[in-house]
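Order as written gives the chain letters A, B and C; numbering starts at 1 within each chain.
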Amino acid sequence: MILQTKGLCKRFGGVHVARNIDFGIEAGEIHCLIGPNGAGKSSLFRLILGAHRPDSGSILFRGEDVTGLPSFARIRKGMSVKFQVPGIFKDLSVRQNLVISFQHHLHGHDLEATIQRVLAFAGLEGLEEQAAGTLSHGRQQWLEIGMAVGVEPQLLLLDEPTAGMSPEETRQTGEMLRALNAQGVTILAVEHDMSFVQQIADRVTVLHFGEIFAQGSVAEIISHPGVADIYLGATDD
Amino acid sequence: MTGPGNSGLSVGPSLIDATPKRQRNTLALWLSRLEGPQTIGRGRGFWITFVLAVLAAAIYPMFVDGWTVGNTAYFLVWTFMAMGLGVIWGYAGSLSFGQTAFFGLAGYGYGVLTLNFGAAYGFTLLALVLAVGLAALLAVVLGYFMFYGRVQGVFIGIVTLSVTLVFQAFMAQTAGPEWAIGAARLNGFNGMSGMPPLTIPWPGGDVLLYADIALYYVLLGLMLLVYLGLRMLLNAPFGNVLVAIRENPERAEMLGYDVRRYQLLGFVLGGALAGLSGVLYTAWGQYITPSSMSITAAALPVIWVAFGGRKDVTATLIGTLVMIFLYQWLTIYGSQYAIVVMGVILVLTVLFAPEGIVLSLMRWISARLKPAGGRA
Amino acid sequence: MLSTLFSFFYQFGDAFAFLVIASMGLAIIFGMMGVINLAHGEFIMCGAYTTVSLAQLGLPLPLAIIGGAAVAGLIGMLLEVTIIRHLYHRPLDSIVATWGLSMIATQGVLIVLGSTMQGVGTPLGSFTVGGFSYSTYRMVLMGIAVLLLVGLYLLFYHTRAGVIARATIQLPRMARATGVDTGRVYTLTFGLGAALAGLAGGLYAPTMTLVPTMGATFMVESFVTVVIGGGDIFLGAAPAAAILAVIRSGMTAWQGQLFGQIGLLITVIIVIRVLPGGLSGWILGGRK
């Protein structure tokens, strides 16, 4: 298992956003995290990243306990992240965004070659001098995916990667992720869009009120009677 | 529709090669960083202008008397503090209001060292290094508490300003004879004086750098060195990270950068440069007083950098020289009025040219020169 | 024994009153609008000068002090409308702009009114406890500091205007949608902060010499109170003032006023490392 959480707990005020979560991701899979709003998806995501510290429990990444490490150190160990709201440097050029993302691993020719590859991969050729904030929303998302994958991560963390995308952009993003996965990148995605989950996921974990409700293949989750109930039962938006 | 290619990214062995090799040697690499995305000005036109400006500055002493040259040297003294503030505020995005604390500490440090140990054997140069080191040390301590406490931008300004104000109040009450470090009396509000100027050891007698032509050339050389050095550093990976932190600190952290460490490094660099200005100022006039750390003194570097344009080291440098010249010129009509004018310029700049007057002009000019080009 | 206790209480109360009165204006503007008003000291100076001028014209001191607060408040509103308003989306720039205003005010007053102004003496005389003499006026100031906190609490939590102001600050869009003139709320809030600074100047004018740079003497104290307090006045600035008052009165009694200030500064630097959200963030039980 590339990532494992043991007994992870976190509460904000009186609300348990994570309650005793034992969760694991196998190397090489695409794993989706779903659940109604307020289920604790984003909190778990942030706990894994180190943006929140758990009240108790531990997180193991590639067999090593990273619970006490700050975010940047986890990234250095091979995690990589793409946020829901595009986390790009809007006032800097596309090229600068990529240089900043890759420069601590790559230099000179290797850096340049990787930038060119990522530009092609993310469909941003010819736009490298443009300020990143002026790109279309979909392209900003792709740029951020490019920033996250240029330096081969062990584990790619995606928070609603298709938020705000058109159906066509969503489909292309799915293909992009499948292609990355085929090259050996393990992916964990928080996702709302069930059709997108069906397109990409190998395994799915359903969260509900900060706890793991169900886990299994896409087919298993879809046929699971309780899952539909919690979605239908969720009163909030 | 241009979408992303499915197979464009091959994660080949070159990507995970553990030993990245540089195509050029280190010197050539650094020289190439004289131009880059974090500094304005590239290509032949810019560097010809640069060389002409340096030549003009070099032959300038031939046309005026020694006193005027010494006075011009005084302008150059301040540029280091301004460029340092530019790094902290403009590049790393944390606004320090108290650069004068480092300035004052290094100035007093130079005074104490040289008054105690004299100037023989080029000790003044060692004193310069030690005093700048002292300023850097203060920046390390202060920066550690601020950045590792994850303090926000606004608070950095207040804390640094408080430090310089308290430092000023402390030095102002050291009038009594009990306030002395070795042979150096701190002398309260009147300040410390009588320290030797910088000296350069030379066969047949040290060269004394009084406020004159020789000091002018030394300062000019030092300024060019720091300016070009900063250009290279800011276009290096270090500068890229500072800019990334300015633009979006959370994202920078999530790309694997220890944001606090880089902020601290930038802050220490800026503090050391302010200290350098402090030493040079003290050596230039052979005195330093607590008023160098007053709230007005603390405001001036902020005004220079805001006026010039904090996000570009060239704009900062030009803006600083222009403002100091203007300030000196206004002082002829009374320094009280000069301060009012400085305040007005600051408010107007913030309201109408938040990127800085000089920087806006430079952008406008480069857009004119190359209407279709991608110069920024 | 009792007189030592009283002496300590007096020192603490004096420091507490000073920290509260000096920092309220700054804390309100920062807490409500996120702007650190570097011209805070100049609003204090404005209040002090106005108070003394009115008192010399024959107005009773309490009325003169209110006049000082009113003038500072009006100038504050004027500056909010003309300058600060345009900078809310750029917090650092708004601070820099207030610094420019501060320089203009200090130097302008110096040029127009000269380097010092004839003050008014401290009223109310003194009283003696256990052989030591204490100023009655300073005791009054302690009472005023407490009243000020209570009054502001009632204003923000128990009046319609206060609730609207807090709603505007927390959810500006929602407030606009319900018909609140948010621009006016900002103007009034800034004016209130400036008026409180003016009040501080008026209250302390009888105890100090009037010089154009007098605002700077309030700066360090009010800064550290706001930095340690964090965004919330009642859960932050007030308890911060109490804690800092202990440190300041202790250090001052031990080594003099300057060391009181140095003690405050060192406290601040250590506290920001330990409690990044300030005292209010810590009290509100936010995450570390």
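Here, contacts are C-beta pairs under 8 Å (C-beta built on N, C-alpha and C of every residue); 3 or more make two chains touch, one makes a residue touch a chain.
Bear in mind that the values here come from a model prediction, so they are computed numbers and not experimental data.
Visitor: Would you kindly say which chain has the C-alpha centre located farthest from the C-alpha centre of chain B?
Guide: A
Visitor: By Cα centroids, which chain is closest to the centre of the whole protein?
Guide: B
Visitor: In whole angstrom, how far does the Cα centroid of chain A sit from the Cα centroid of chain C?
Guide: 47
Visitor: How many Å are there between the centre of chain B and the centre of chain C, using C-alpha atoms for each centre?
Guide: 34
Visitor: Once you find the CA centre of chain A and the CA centre of chain B, what distance in Å lies between them?
Guide: One centre to the other, that is 41 Å.
Visitor: Hey, what residues on chain A touch two or more of the other chains?
Guide: Residue numbers touching two or more other chains: none in chain A.
Visitor: Mind pulling up the chain B residues that touch chain C in the complex?
Guide: Residue list for chain B touching chain C: 95, 97, 142, 144-146, 148-151, 153-155, 157-159, 161-163, 165-166, 169-170, 173, 295-296, 299, 302-303, 306, 336-337, 339-340, 342-347, 350-351, 354.
Visitor: Going by the contact rule set out above, which residues of chain C touch chain B in the complex?
Guide: 30, 34, 36, 83, 86-87, 90-97, 99-104, 106-108, 110-111, 213, 216, 219-220, 223-224, 226-227, 258, 261-262, 265, 268-270, 272-274, 276
Visitor: Contact residues on chain B for chain A in the complex?
Guide: It comes out as residues 1-11, 14-17, 20-24, 29, 37, 237, 240-241, 243-244, 247-248, 250-259, 374.
Visitor: Which part of chain A faces chain B closely enough to touch in the complex?
Guide: Against chain B, the touching part of chain A is residues 49, 70-73, 75-76, 81, 83, 87-93, 95-96, 99-101, 103-110, 113-114, 117-118, 120-123, 129, 142, 147, 149, 151-152, 168-169, 172-173, 175-176, 178-180, 183-185.
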